[in-house]
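Right after this note come the structures.
You will see chain A twice below: alongside chain B first, and alongside chain C after that.
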Partner chain A sequence: MNTVYRHSRAWNVSWLFVLIGVFSLVFADLEVISLEPWQELKRLFLGLFSPDWTNASEIAQAFLQTLSFAILGVAGGSLAGFLLALVFHWRLVRVSCAFIRAIHELFWALIFLQIFGLHPLTGLLAIGLPYAATFAKIYAEILEEGDKSALQAIGHNVSTISSFFYARLPDLWAHFKTYTLYRLECGLRSSAILGFVGLPTLGYSLSSAFMEGHYSVVWALLLLFYLLIASIRYWVRPALLPVYIIAAPFIIANDSQISFENVARFFTEDIIPAPIRNGETLAETWHWFSDLFMTQALPGIANTLVLTQIALVVTGALALIMFPLISRHFFQRTGRGIGHLLLVVMRSTPEYILAYIFLQLWGPSMLPAIAALALHNGAIIGHLIGRYSTEMTLRLDAAVGLNRYFYEMVPRLYGQFLAFLFYRWEIILRESAILGILGIATLGFYIDSSIQELYFDKAMILIVITALLNVGVDALSRYLRARLRLRTSVDCGAGNDYCTAK
Partner chain B sequence: MIQLQAETASYRGVKTLHDIDLHITKGEKLALVGQSGSGKSTLIKLIYDRYPVDTSLVPQDYGLVQHLSVYHNTYIGRLDQFSTWYNLVNLIRPWPDQVNKVRAILTGLQLEEHIFRPVGELSGGQKQRVAVARSLFQKGQLLLADEPVSSVDEQQSKEVLKQLMDGFSTIVLALHDIQLALAFCDRIIGLENGRIVLDRPSKSLSTQDLLSLY
Partner chain C sequence: MFKTKITPIHLFLFLVLLFSASAQAVSDKTLVFSAIPDQDETRLKERFGDIATYLSNKLGIPVKYVPVKSYAAVVTAFRNNQVQLAWFGGLSGVQARLRVKDSQAIAQGVEDTTFRTYIIANHSTGLKASDDFPTGIAGKTFTFGSKGSTSGRLMPQYYIEQAMHKKVNDIFKRVGFSGNHSKTISLVQSGAYEVGAVNFKVWEKELKAGKIDTSKVSVIWKTPTYPDYQWTIRGDVDKVWGKGFSDKVKAALLDLKDPDLLERFPRSAFISAKNSDYQPILDTAKKIGLID
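== the complex of A and B ==
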């Protein structure tokens, strides 16, 4: 029989995405605007060798604030998320959580800033609320997928609380712990970034050091941040957590008061679309909406998608290039050590900070955003599939070098790789939107400008549009994963996809 | 005590039991025998489904909590006897008088030395005996056990079955070992393709009679 060689579905889908990415390049603004980008980059790098610790007390203060916001926000979020997980089978809860998750922490911060001002509640809710929604989903999954055989063997009249603590929690505890710890690490990054919108965390010190060109201070802050994240296993202990949680409220600085007048005005006036608020005609209202949609939402959506698709392809390429750095099938111990260091630094630095740095160097275009998104997410996926490849056993006479890479490794990893990449798709989109705050014309740019011009009604509509876009991409990603039968099986202690789920 | 009439049951959408008529009086000790797939496990589940109150169950997959100790897994048998707060305190700090009661049961099953080890660290046969210990601690009116000695050696099988026979008055066991069934139970139910094809006192049966089922 005469059969023709056919490529797999994954192959076709991958090239489709590459094609979309290349096509998007046509619409992307990639110009380097700054006068001497390499000179700046050199100055930045030199700062690495002379980190400046002279402002030790200021630095310590920034870190204490970052830690306190992260710990309280994540603790509150996990508690609320756990309670929500128990009723996650209610449709209303599921849909609300999906919507809340789809809005980035920084957008939440911008919203709460209007309501509470620079009160600590702004930072705590900006972390706690989206984290609660994520915790609810993952905790519900853990409860759903856990072994229920012990529950079935339990006596007939046992109270719900007793049976939960005896037959469910002990065997699920490790999963809850692993995921919550992972989210605390994310919470540290979120908390650091909140500084960029004015809260007293790391981002605040970082942006002021940058604006004054104090690269030595920038490096002092960044190095300490890496150290904090790398050592998280050692300072987060179940016995110490209550101490942190009790201490944190005393550390969080507060010199502002909530104005209830502001809170009321926000809900009853600020966010009501202007034509409705002013009782204008239907035609005028329609005009207002269509104007907002055509001049802001549409270009915002287009730019966000262009940036997302380019960044997604570059992320994938970088992950495939970088994973051998930490795989025992390609490098010896020393080589892998350097690879690990590289990947740890890239994935510990939040995209937002990376983008901020590149933007200072190259000026505002999509280039810094693409570089930031691809480096951060590429390092995460590279780390995950690199670890997976290390666990594989090759036969003794397997090929070496590029033959090994293309014939032994990539074919076996590709399914995992695509699954991780599609998981990150929605995250890259969320971040693409948020990077607009830095001046790239994605949705975040229009949201931020509306807020600065005090058009909160417009900002809210744009935020809702951003959230819907996210929910859409999430659904598409889920469809593609199901269609291609992609499933990740890297065990990050939880035996599930929790580590990349968010 | 148990009355099933013209019952059918499905397992994963496939009908596995047909026209089951079964009457069990208090004090009877039944063995269900038959090939794997003949419907023994489904019949056990069916009985549990109809008579869940005060019934001790040893399921085929043991139903143990891997990260809890042998002691706590045994204690689970009596959770409904105590208040929730008493149970929660016991989780953090075992009540000494409960430990003593559990210890007595574990001694009979040669598990006493493992009392505070997590179940996840035990061997398959040891886990099976923990599931038996849990049912003995619960001490319900009825015992339903699905192959309770499939993973322990011959000598220990007899010891475990003896404990169960002493611990419960009414018993329904799924057992693929014909000799053990004849030795320990007083009534044998033979199953084939989801139907009861044999129901006789074990005194009137020989190993040969039962082999035809296999």
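== the complex of A and C ==
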């Protein structure tokens, strides 16, 4: 490789991350625990050829619920997010949004389950709240970076509202639309996994079927889920959206009720740290906090970071390996078709579900978590830079094969690649924490344990710590991107996620 | 792709529907019950749906079963009055009654007065059944059931830590939580964990159903007996359904004789229970640190 490339900052930073990843391996628990992982894998694989649809009504019900929660959650989130985007220059709004975003949907669901129980509001808020915070940020970026020439052209005597609707929105509408549609896809994934903590969505049936090793049912659910995501652009139609939004509340409605008492009790009793609640001495309170920090928070943070750093490096490696699969500079049409299918399946499967699958097969070490995070995120980044590479033009006499890969494509793509990888860093961290619910000793493990043991005060403190860790990594990632002058093509507000085609 | 804009009217409709859905009032005369998801989660509705029908016939009011995903969620639903009656484990029952004033344990299975946990081991460990505590489990991988389970976590943890004079994390090479008892059996059978703690009733039920490969996994130790599962009802039900309602529910449960329905629990019959029966569970939970 040429020397300019080798001595660039991006090159050095990359090696630093690889070193940290390798160093983390020392602390990671990577053992395959099950004695017969391949036998289980074979059973899982065979299930693919005999999907079991016998419980059609239950499957249909799970899908309707998944769809309804996703549509209402994303719709509510985008509305709230839009309003917040208008005042996103207020520091308080920016900081609160960053904090809310830093808490994963599943953690929100666990919190709201305590407040609203099985009421549908639990699922709606678990999706809507963090999504609103993300929408606020991305919508604000779109407003910030959008073309302002129309606005400058119209007179000053036009009201803010009219100028917004006539001079700004028309130019920006396409960006809003693309991003919102993309988030709906994410919303479907979020809604599906909420079932793992007890909402009546896809994850509920999926985890139960998995628990019992009913792999034919697992595949029936997964195949339908892929179909739903792959066909999203066909069923999300302007004329149909109001219908969905009107029908959804009826689908998710159930007869549990919200009592104000429970809500109040949650905030005034449950989450107040026990020693404070019981009016104990300062020394006892300190002991309680330090005990929680040393025995749970600290090991949780360490494991979360170890998992994140390893997964990040493997994600990067996988993305670089996989992107040629869909690039026209490397494969013909058929080859690319297979590549696309592979990447679509991997990035449509939520990492939580992937991790769950691998955990059933290999047992609860970090290995399944790394595999899940790397496959899912690697497929996303691979897809993005693959598409980006397809848009690049090569000289007629450009090298072919490995030479083309190493000396032409990778150097030219590298900045873009790193930018995407750093965007995913924070997301990988959030997921690493949440995978603890499945039994890997990251922060999610301790949070879930506290909730299962009904210590909501401890759970809240650990969730706040998780959020702060996330905000920290996000800031570091932003700093690195600025230092390395990395920018992604801002075709839809860049965001902390990838954007769908067009 | 979208062609039309979402107009304010759409948004208004959306909000109206959202709130009308959440405020939807339903006949509050339906008694809702739930149960801890202690085994095969795909069959929860089949297991308890018929119990709802039975209770409904006996009590003359609508009764509904709601499935939940975790032990803690049943306690929370009970506390939030989204569930008024629950089939709890020993620990979850104690936790629930501590949180809901005047709630009462009303019935338990005959077997619940002398419940046990079986310690099971994969044959690759070479561990053999014995009456003395199997100290050879030290250094093995070990799985509990659910984090909030009495027979799958609280009691085995207590007895193991007492016998070994160490915390479980220091005894075993790895400690996991399978989620439920059926899963514990299948994990130890497959060797994913070498040793596990399982509810003796679930073990016997699955053994009878031919679901356990005894050439791979067997019981190596049985804990002493302790009180476990029970039906618990909220104290305020009499206010909603009339005086003496909780006694009616109790009578209906004690009167449950259909062997097919009893097999769902699986218990041979229900007998009377009271809160103080579970004092030993509360004491043990405090020793382990699961209750402050």
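Just so it is clear, the second predicted complex is superposed on the first by the 482 of 502 C-alpha atoms of A that agree within 3 Å, B and C clash if a C-alpha of one lies under 4 Å from a C-alpha of the other, contacts with A are read in each partner's own complex, and residues count from 1 in each chain.
Keep this in mind: a contact is a pair of C-beta atoms (placed from the backbone, for glycine too) under 8 Å apart; a residue touches a chain by one contact, two chains touch by 3 or more.
Being a predicted model, the structure only gives us computed values, none of them experimental.
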Of the two partner chains, chain B (first) and chain C (second), which one does A:N157 touch, if any: first, second, both, or neither? first
Identify the partner contact of A:I246: answer first if only chain B is touched, second if only chain C is, both if each is, neither if none is. second
In the superposition, chain B vs chain C on chain A residues touched: C
Examine A:Y204 and indicate which partner it touches, taking first as chain B and second as chain C; both and neither are also allowed. second
Taking the superposition as given, does A:I451 touch the first partner, chain B, the second, chain C, both, or neither? second
Return first, second, both or neither, reflecting whether A:H214 touches chain B, chain C, both chains, or no partner chain. second
Is A:H119 in contact with chain B, with chain C, with both, or with neither (first, second, both, neither)? second
Examine A:S149 and indicate which partner it touches, taking first as chain B and second as chain C; both and neither are also allowed. first
Of the residues on chain A, which ones does chain B touch that chain C also touches? 173
Per the touch rule, the chain B residues reaching chain A in their complex are 52-55, 57-59, 61-68, 72, 75-80, 84, 87-88, 91, 131, 134, 138
Could you please specify the touching residues of chain A with respect to chain B in the complex? 149-159, 161-163, 165-167, 170-171, 173-174
Flag every residue of chain C that touches chain A in the complex, lowest number first. 1-6, 10-11, 13-14, 17-18, 20-22, 24-26, 28, 30, 32, 40-42, 44, 66, 68-73, 75-77, 79-82, 95, 99, 122, 124, 141, 146-148, 174, 176-177, 179-180, 182-183, 186, 190-193, 290, 292
Applying the document's contact rule, which stretches of chain A touch chain C when the two form their complex? 33-36, 40, 72, 75-76, 79, 113-114, 117-121, 124, 173, 177, 181, 196-198, 204-205, 207-209, 211-214, 217, 233, 236-239, 241-242, 245-246, 249-250, 252-253, 255-259, 262, 274, 363-364, 439, 448-449, 451-454
